[in-house]
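Multiple structures follow.
The same chain A turns up in both complexes below, where it pairs with chain B and then with chain C.
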Partner chain A sequence: MSDNGYAVVSQRLTKCFGRKVALDCVDIHVPVGSIYGLVGPNGAGKTTLIRCLLDLLRPTRGSLTVFGCDASRGPTVRRRIGHVAALQPMWEWMRVRELAKFMSGCYPRWNADAVSRLLDRTGIDRGARIETLSRGQRTLAALAVQIGHDPDLLILDEALTGLDPLARREILRSVIEMMHGQRRTVLIAGQDLSDMERICDHVGILVEGRLVVEAPLEALRLRTKRLRVSHAPDTQLSTPAGATSVERGLRETRFVLGDGADDVLHELRAQGLQTDADDLSLEEIVVCLAQSAPAGVG
Partner chain B sequence: MSGPIRARWGGLRLSNIRGITIMRSLLIREFHQGRSLLAFSALLGILVPAGYVALSHTSPYRLYAVGQSELAAIFGKLILLLPLVVALFAGAGLFAAERDRGTLPVLFALPFSRRRIWLAKALAGLALTGTGAAIIVGLSVLLLPQAARAFPVAAFLPDLCLGLIFVFSVALFASTVSGSAIAAMVVALLLGGLLVLGMGFVWMGLAGPLLGYHPLLDLALWGLAFAAALLCASALVVSRGELLQSRRRHLLAFPALLAGLLVSVFLVSAVARWATRYQRDRVEVVLPLHATPGSPVLMLSTQADPVPLERGADTKGWSRRATGRETNEVGNSSRGPLYRSAYYVAIDLHSGRELFTLRQPASPDPQGVACSKDGRFAAVTTVPGSITWGQPEELYPRPSRLHVYDLQRGTRLFAGTPETAGVKVEHIDSWPQWSGSGRYLAFHASSRSIEGRNPGSLWIMHPDGTGLRDLHIWAPYPFLHRPWVWSPTEDVLYAYDDEEQLCRVPIDGQKPEVVWSLNDPAVRKTYVLALEPSPDGRWLALALSREIAGDPEGIIRITTVHAIPTSGGQGRAIATFTPHPIHPSRICNTQLAWVAEGRSLFILAGFFDGDNSHLLRWHPGESISEPTDTKLTYPARLVAIPESAEALVYPGDGDHAPLLLNEDGGLRPVLSAEFAREHSWFIGFDDTGRILTRGWRNDRPAVFASDLHTGRSQQLYP
Partner chain C sequence: MFDPIDTKSGLPFYRQITDQIHRAVAAGKLQRGDQLPSVRELAMQLLVNPNTVAKVYRDLERDGLLRARRGQGTYIAASASSLAERERSRLIAEQLEQVATDVRAFGMPSESAVDLFRDILTNGRTAKEGLS
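Here is the complex of A and B:
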């Protein structure tokens, strides 16, 4: 069951820790079948949002549904969610096979083949204790047991952070395999924007607890432009409406614009100013938005 | 490819098998995680016997004059204490260790509700605790059987189970509020100590005045109620969303615990009250222990429990309905909190009103009661109950408690174990006896002081517990009969001591003075069958059963009755009864009754199985005579009627009518055989001359007061 095609929907989701507001009226929409990148600087509220999804935290205000179910119905929701966190803490006394056996008893479905495939491919010894595994192997083992129950929503919370390129590649490959031919949803939270840019099709940018952008990644890249305007020295250009970032130089001024970049481009060129438009990477978009917070674009 | 569906989700109901199936994984994981605890238990189970062997072959213990059996007993106790450590470890690590390792969010991200996770952890922890305890106790007892012989480990198993549940609950609660297992253990120890102190405080100070439930002693009930409160509080903290992960969990945990404890106090009180009413409605045994002749107050004790008795079709007695449990047998062993209780009741014989009721839950058989002749003071000796079975009290006697009431004012004057400077009374092994005016209370008891243990001595004290004094005389077999009496002047007691002497014991602490001694080298042992002072205080009538060696190793008992002047003259044997012709070791039932203000002493003696009974009359200063040819062939009691020149012979077989014995020795029947059959237990007389009996009403035992001539009865109890 989904909520109008969304795996996760929140409305004015707010979470406070005392006086500190960790999430501030977040309206998030994660489409079913998408790979959704939840990005933002440290302390933006990504992990808080994920913990609310898992019912580890209760929202202060607002609603949060997962596949149409209120997230507070914890077990019912968590049955459909796989969750791999950064530096995944695990029961270190367990062996990998014991962990897999334990997890297999916790879920109504269990895809032993998928687990075996991933463990074999990554060369993780089933008889090894968790405490003897490297950081990458531990994350891969956690991923293996989390995809074992065929989750409808897989959450990777900073799971790629600090891993070597091989391990990251393996995780991303597993995610793509899991998605193959099935309408599963993946929510990746983290700061490895280059990796996320490669596989995500939707992105949400959290800055200081507020969701400043949420859009399909391609659309975001298409509509977000950096305009480089060449002009005579000491010429003071007015900032166009909707600009999220302005860098003024002696002979060149740079504007980053979300919506309406083409209109501004035509307007500047009509004024006789030499203006060029550049595409931005996801990382650059995030940096620009983070610097301009709290102004919203999306 | 998807694997088989292992389990399906279900509601949280114990009856829901699917729910249990789902929890199986959690249970197995928890149990698997705790396997090191089981190894630790096994190690303890081996270390205890090893420690005993090592100590018993070295000298340090001899330094403190500890014998082998005492050393074994110490280790026996250790066997019961070590499982509590396992319970502490098992409970403290459940949530605190997860939080310490950072795995708590992983655990809570599993598709189980918090309640189910808590339940799985609690069940697994309890299973670990039980298994660990079984390993320790089993291994220790197996490897060290002398400890089990020296200390009744099996008898304390219920206490051990209760202790395990309590300690585990405290540790589990501490685990939910602590950041690490070590911190949880410290919190558990502190909290457990506070709760135990709190139990004592509630029992001693709060529950009685506030809740109206005095003997709030049901340790099991308290322990389980507190354990329930702790478990509920911990479950609440775990299930309340994120609180377990935040520091704010303390804001919820401790108020929840406090509320739970308060609820426990009131629930325990309610359960206890309910149990009291429930049991009172099911009184099974009424033991009328004491009716002071001529007193307006009757004191009796009853036993009641929900376990049904059945009355034998061919016998008049009651027996416990077979339940297949040996522990259900009535004996000295004590029972569970809602199982068998002893009640001590004082009844105003004029109004029929209960003056007080003292309940001793989980109590051994009733102890002694006494009422002063004017009906003002009442005394009860009790032994605190426990939930043990077997007879550990013999090895580790619980200190007796003495309760003294002022019946006129309706106040309790004293409650506790009597003690004086440096000396504490341990076990009261006799019925208490009031002096004539109620100024003193005498009892026989063992005591302990810095100099060691005194196995038995006669003590006196005032009703308010002051003036406790050791009279330094040991009366043997005080629980069988009353080998001491007050003189009418109340300044001395007469006591038959262990050296076959009748002593005059001044209560001011002076040395006892021998009034009469047996001086018979052939006698191996004597039993006091009766010791009755004449109402004028001039004579003491003493019935003794002398035990002498027979041929070749048998025992022959000869019964003699002695009249001894209290003024110090020479006592003399006024009657001697020969041993039973076929069973010479049988004790001759001998009863004494002074009538007509001491002008006559009646002696009823015999074996009541033929025509070998005797009813004798003795006038002081004259020879003894047998005034009637009537021979009693049935057991009977001889009791002087207060303020009268007559005595009553009350049959004990239910087939004969009671007999009235006048001063001349004439016998005439009163009431009827049917009355005697229905009122099979004769208690005594009240101050208006009515006889007090225990009979039956609606197939339940009851106590009656009846007019001696008309037979009209009034039910006094229940």
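Here is the complex of A and C:
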């Protein structure tokens, strides 16, 4: 089955819950081998999209394919996906080693070495019952068994959210370890933008059910700039076309531009205004886009 | 040996890792024949996307600073003296550009700024000593 180099592709994917439009004509493209960050405010539709991917929800309209197969094709597709969610239910009474043994029987491929490596590195006691593990350890144990079945696509749904820095580092490390040299794909949905900025090479930004941006992270960072313009007190600079955020101060005005910042920069300097351009963090980019998105959906 | 990535600086991680290797070679902390960590090791250490590290290694190999031996790892191929003058200039220029932004913002005459820099270069005077 051809996948055209994409692990996940959707076309005009739409999911409605009654009158509420949770996903609105989303065209997502997750390249094979990428670490794709799906970001956006709470309620933007990230988890709905993932539930569609896992065939826990059926799209209202549009298509969604995983490695070229329709996401609703069931076990053949599902078996290639690993999934770790925040606070996901687990068999509390099981010991870590029993969980690994049980899961190893559910999947055709099992990579016991990868599981051992992760458990050893993170120092999780194989004899401990799941219920006695800390929140970070639970997530790591869940990740270990998901990596164990050698998924082609690993989905982390808010798996980093609310964890201590040490646990987050270990999860990021494990993702990097399983990624390298493999044609594996990771889809991370979450709010921890500084972590995602580290390891993601592609991002999709969902705002109110719409995918407002999808780009390689590096390209997005290169083209999004904040311009700081110094001027005489109380000068009203006109807002450049395409500015996603404007802050007006007494002697300084700041614009965020998603594109064409260089042209505006030159133009302002040509007018004799002292202007500097700053790079933005992923967090700042998301905040600007979320604020500038048109209110209401549909 | 590698410093943590600075996520606040706004400088792309690719640039930060490349600059670190350049600086280490220019300062003699990495010398010809020294082995670098594998792509996976360095990505895990710095917590960055392995493709970023792979691209750094690939581009530095193309520039002749690194040499990859198949299945054996990546090594420093260039010595500090052979590091192109223009590379060294670029590293210094990048830092001076930041200083220049402040000089302009403070309205300091260029001559005073240059004098100050010359003074620091010859006397090694730090800002702290200058204030006391």
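Convention: the second predicted complex is superposed on the first by the 292 of 298 C-alpha atoms of A that agree within 3 Å, B and C clash if a C-alpha of one lies under 4 Å from a C-alpha of the other, contacts with A are read in each partner's own complex, and residues count from 1 in each chain.
Everything below uses one rule, namely that a contact is a pair of C-beta atoms (placed from the backbone, for glycine too) under 8 Å apart; a residue touches a chain by one contact, two chains touch by 3 or more.
None of the values given here were measured: they were computed from a predicted structure.
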Quick check on the superposed pair: does A:90 touch chain B, chain C, both, or neither? Answer first, second, both or neither. first
Of chain B and chain C, the chain that contacts the larger number of chain A residues: B
What is the contact status of A:127 with respect to chain B (first) and chain C (second): first, second, both, or neither? neither
Under the stated touch criterion, which partner chain does A:150 make contact with: chain B (first), chain C (second), both, or neither? first
Quick one: classify A:233 as touching chain B (first), chain C (second), both or neither. neither
Quick one: classify A:112 as touching chain B (first), chain C (second), both or neither. first
Which partner does A:75 contact after superposing on A: first (chain B), second (chain C), both, neither? first
Chain A to chain C touching residues, read off their complex: 33, 35, 169, 172-173, 176-177, 179-181, 194, 197-201, 218, 221-222, 274, 276, 278-281
Chain A-facing residues of chain C, complex: 5, 7-8, 10-14, 39-40, 43-44, 47-52, 101, 104
Any idea which chain A residues touch chain B in the complex? 17, 51, 54-58, 74-76, 78-79, 81, 83, 85, 88-93, 98, 102, 104-113, 150
Chain B residues within the chain A interface of the complex: 1-9, 22, 24-26, 28-29, 32-33, 101-103, 105-106, 108-114, 116, 241-242, 245-246
